[in-house]
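Each of the next two complexes has chain A plus one other chain: chain B in the first, chain C in the second.
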Partner chain A sequence: MTLSASDLAIDLKTQALANARRHGSDGDALTDLEAASFPERKTERWKYTSLKALADGHLNAVANGEISQPLPALSEFVVTINNGQLQGSSLPAGVNLHHDAPVVNGLQTPFAAYNGAVCGQPVVLEVAANTRIEQPIHLQIQSASEAPAHCNPRVIVKLNAGAEATVIEHYHAEGQALTNAVTALITADNATLTHYRLQGEQANTLHIGTLIIDQQGVSKVDSYQLMTGNRLRRNDVRALVNKSGAELNMKGIFVVRDKSHVDNQLCVEHAVPNCQSDQNFRGLAGESGKAVFNGRIHIHPFASGTNAELSNKNLLLNPGAEINTKPELEIYNDDVKCAHGTTVGQLDAGQQFYLQSRGIPAAEAKRMLSLGFVNELLMALPDAAVTEWAQPWLEAELTHASPAGDAA
Partner chain B sequence: MSQAELDKLIRSNYEAGFSTTVDTETLPPGLSEEVIRFLSAKKEEPEWMLEWRLDSYRKWQEMPSPGWAHLHHDPIDFNKVSYYSKPKSLDDAPKSLDEVDPELLATYEKLGIPLHEQEMLAGVAVDVVFDSSSVFTTFKEKLWEAGVIFCSISEAIQNHPELIKKYLGSVVPKGDNFYAALNSAVFSDGSFVYIPKGVRCPMELSTYFRINEANTGQFERTLIIADEGSHVSYLEGCTAPQRDENQLHAAVVELVALPGAEIKYSTVQNWYPGDENGKGGIYNFVTKRGVAHDNSKISWTQVETGSAITWKYPSVILRGDNSIGEFYSVALTRHMQQADTGTKMIHLGKNTKSTIISKGISAGRSSNSYRGLVRISPRAENARNFTQCDSLLLGDTCGAHTFPYIESKNPSATIEHEATTSKVSDDQMFLCRQRGIDPEKAVSMIVNGFCKEVFKELPMEFAVEAGKLLEVSLEGAVG
Partner chain C sequence: MLEIRDLHATVADKPILKGLNLTIKPGEVHAIMGPNGSGKSTLANVLAGRDNYAITGGEALFEGKSLAELEPEERAQAGLFLAFQYPVEIPGVSNMEFLKAALESVRTAQGKEEWDSVTLLRQARAACKQVNLDASFLKRGVNEGFSGGEKKRNEIMQMLLMEPKLALLDETDSGLDIDALQTVAKGVNSLRSPERGIVLVTHYQRLLDYIVPDFVHVLSNGQIIKSGGKELALELEKKGYGWLTGEEESA
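Right, the complex of A and B next:
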């Protein structure tokens, strides 16, 4: 028997609360979870994403499988978290790993509340003041489970004043694992953070993730978010640009194919004057893939002098695929510059003709053009190690996503 | 421009604020099946119409009132609304304008709607709705010659039941949404237009709406059917006298463009927006929708400057192949006004095209939202949409928001959306003032320029009125 969405929401909450109590969680974390309501069919923020996959009972068990294809190290500094538990780390001087987590502001989703109630030991990476970490820190967050099960990794990256670092947040999952992750990036004055979020888990896995970017100081954060679809991928990204002069850039690529699903919910909050934010996301949907993008810019009443932009371009590669996008502006101040643009379209017929007239087969031409569509962002990644890893990965996805055949 | 000047400008009074004392027969407030029966009986409606209303009422009772819009207001008590009011002197219907209640005529005179002049000079047939029933329909005979039916919907129910049965509720079903269901149950009156095959309507059709009786809800129902290959341009304009109590308005407009037909629907809405503290003003919840069949075109143009609350999404269902939908909108909010308005373009047919141009201007402590949906269904091959929504903020206490939903399920479709937010820049003001243009004129000019793209879509007479309206509103709203 299939559950209705509202019954499922009640089930999930009951299960989540039971798990939290068994885990011995109390205080604010438990109160937050008690107050949270899981999405139902009519919940606006979950309009395009159904949680019915969770009816398989992912919350009933904790993932503890062996990782059979662990991620390769993309840097000499690595932190590995398997099934939500810290496995090991090698870190440079100036980076301190501890478990004394600061309060994370801006969490809103029920899943983040659940993560907070049961995560146990959050991993906190603290970069000392005025320290520059040359090499990226590769955060490998992996999970595996043959049967439906879940894990709750929680990572907080904190850059103290004047610190500079690159963090690669890299997810991998096998079997039917659900990764319910919370990541927070906190930056103090004059900090510079380059952040990657790479999500390429296996097709049957699920990922529900919350990313908080909390710019507490005049800092610069560049975040690159690359992902492919799996059975269910939901990213709630919330950026709090909280100190005048702060700058935030987010760029991203999402590719869905087969029956995979990606739902990105981004929200940039400008609460203080004279900050800058830029978001640029590109999406491709092929086969029966479904992609959702919701990009919101919220300018609070006192945030004069804000400069905020958002661009989301999408390609629909074949019938059966679906793209839903909604760029939102919520503005309460007149002295701002705000713009967003969105397109959904197909590969340019003229460009395809050009390639085919030079002897390139239709399917190959399609693949080349799809790759060209994302390459602009891919090539702009500042770390070569990431580009080298990401390019073949996305290329393989695109090859599948743009099947041979009609070149229309 | 300084805050002080701004404040001064924001405090201007509503020019159309006056009320007429006409003897009216008004039903006590409250809604029940009995009220609907009374209403239907009063209008001498056939049994099937009463059933239709009652069915809608039952649907409405089971629906929750929508809470998704970016609007804040106290819950509306639908039992405090009176569902029937009609000028008494209408019982013995006037045969010519001379027989019309002189006080009514004076009201229109004050509003600058010279009925006589319009009849003779402008060549515009006016179906005037004063509260709940049609006062007089001019040019009916001339239209009759062309085969055009232009009458009140009550008359159409009596005289053209086959058309009403076929099309009423065909675009906006009885249970479509909360306010549409309410309207279906209690609609008071409105206009009915039928353009026969291949006919180009010889004149622009126009209705002026006017809310007069305090505590009276108005529930217009408009149905326009353009048969194959026909063409019609319809103008709707509104203005209401100043009242302290919130007045509810829930209209439904249905457009049917049969193959090859073209319907152009223009609205200027200037109902009482409430004072600067948000006291009073009209609550305007409107469902407007058109169905476009093969090779047809539906175009909505609206200029919204009034109402305390505007909840309005004129939409087009592009059902037929090669059909076209357009939406041009200017929404101006000031004081404590709240507008949540936009459009839906549902692409179902092949080679369908839609264009959305929305201009939002917010001032004072108002809130102005664009909410739109562009949906491309799997079989809408080569569908095309272009959307542009621009916001202009005047002052730092107002809000401008954009919520565009874009859903595409066809790879051959192309959708573009862009939105910008800006203010009247110091450079623009400097340039104007340097040339001796006073600040108020300068702002008015700049805002007019901002809205140009929409104004040019309005029929000429309306464009003039809209421009004037904007200027009047800006007098009190801008810096």
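Right, the complex of A and C next:
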């Protein structure tokens, strides 16, 4: 028996509310969830992402599997969250881990509301004012479950005035786990944050994540978002550029092969004058892979002097693959600079012939060109430890013949 | 080593080569000249196996094997090299990475000793030096942002490393100033050997002052209409092609 999308939406909400009440949730968190409506087939923002995988019952159970292939540490400083629970941490002086979470602004999706209602212990990493943390902080967010089940990690990174840090938000999941994550990056005046979001969960896992970038102060945030597809990956990224002079750069790569799926919904909110934002993403889809990129720039009436850019270039490796990309500009002020461009193309036949004419076999030529397509962004990553991890990961994904991914 | 008999070929279904005959023996340098649109570049691209360039009649045998049955990479592995008229830019793939993949494939196929990365780098640097390319070009994307002359020198640099049995140079002289032309010619001449065949496709005789051919052929309307020694090129330079083709040359 298959459920219709609207029946499924009702089921999900019923289950989510029951879980929240059992969890003892009350107050705003419960009210938010009660007010939320889960997407149906006609919900515009979920047009390309079906939730029917969730009919397997992920919300009925809590993930508590053993992580069999934990992530390697990419830094001396690590915070590990397994199945939504803080497992351990080693942090430098100047970074305080606590659970007294501030209100996260800008959350919109029902899944974020659900996370808020049931997440027991949010992890807050607070970087002290005027402190520069040299080494990256590696946030390992892992989940595992053989049967369909879910977990709700919630992380808030807060940089106080004048703080400077690098945070690697790194997801790993096994089996049929659904990771329903909420992450918020909050920056005060003169803060500088370098953020990575690495999402390489196994093929049968699901990830529904919300990332909020809340630039409360005149700050600079560079966010690098690299991901491969899985059974369902949905990223709602919302940036609130909220103080004049703030600067935001988001760069990303997504790769979908076989039957995997990625849906990126980005939105940059320019609410105040004279801020700068840039979104630059590259996508690759092969086999029956399906990717969605929706890049929204919303410039509010008072946000004069805004400089906002958006670029998304995509490569289809074969005819069965699908990429839906759309820039969405909503501009209510005339005194702004706004540039956008999205393309979907195929491997260049001339480049391919050039490589083959030098003796490079067709499949290898394809691989080199695909990797070349993402290399520009990959090479621009400021932290060598991340590049060293990410390059063989994406290379294996593009090579495809070796899904194990131990190419060095 | 190359035996072309009554070759007919089309480009995107349009007939361009119409019964071309040509034999190249090891050690020989042949120049193929001819007016615009005569089929010179088509010949080079057909031999290298470019998509959309189809052999529709006759045959082209390379060391006894029919080229039509080989993929472009198999032709290269067999020892064929095409220096492109318009080398393509490949951002994101470094020249060095490209050379490594190419040489690994070709040297393995030819049973030559594999080069480790130190040897490869040394050889590549030496080849760069030979064509006056700074070694920093090895780190850049393949032809990415190279000037026209740098691209052509990059082709010759690759050719030096690949050590092909038969080199086809498609208008390698076009767009080169006199210094670059001499550099390129020196590179090509250094590869002249009794085992190697070289085919120069060119519009002008200027290149042939520096790389002196054993044979010169005139291609017109898809066929070779006249063959001779190096003096034929000089005659063409003086008289143009009209006296052979019976038409005014359209430039």
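Everything below uses one rule, namely that the second predicted complex is superposed on the first by the 400 of 408 C-alpha atoms of A that agree within 3 Å, B and C clash if a C-alpha of one lies under 4 Å from a C-alpha of the other, contacts with A are read in each partner's own complex, and residues count from 1 in each chain.
The criterion applied here is as follows: a contact is a pair of C-beta atoms (placed from the backbone, for glycine too) under 8 Å apart; a residue touches a chain by one contact, two chains touch by 3 or more.
Keep in mind that what you see is a predicted model, and the values were worked out from it rather than measured.
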| item | value |
| --- | --- |
| Touched partner set for A:16, first chain B, second chain C, both or neither | neither |
| Dominant contact partner of chain A by residue count, chain C or chain B | B |
| First, second, both or neither for A:301, with chain B first and chain C second | first |
| Touching partner for A:117 - first (chain B), second (chain C), both, neither | neither |
| Contacts of A:173 with chain B and chain C, given as first, second, both or neither | neither |
| Partner chain in contact with A:227 - chain B first, chain C second, else both or neither | neither |
| Which of chain B and chain C A:350 touches, first, second, both or neither | second |
| Partner chain in contact with A:141 - chain B first, chain C second, else both or neither | neither |
| Touched partner set for A:253, first chain B, second chain C, both or neither | neither |
| On chain A, the residue positions that both chain B and chain C contact, one per complex | none |
| Touching residues on chain A, where the partner in the complex is chain C | 348-351, 353-362, 364-365, 368-369, 371-376 |
| Residues of chain B touching chain A in the complex | 68, 376, 378, 391, 393-423 |
| In the complex, chain C residues that touch chain A | 48-51, 71-73, 75-77, 82, 84, 87-88, 90-93, 97-98, 101-102, 105-106, 109, 141-142, 158, 162 |
| In the complex, chain A residues that touch chain B | 44, 301, 304, 314, 316-346, 408 |
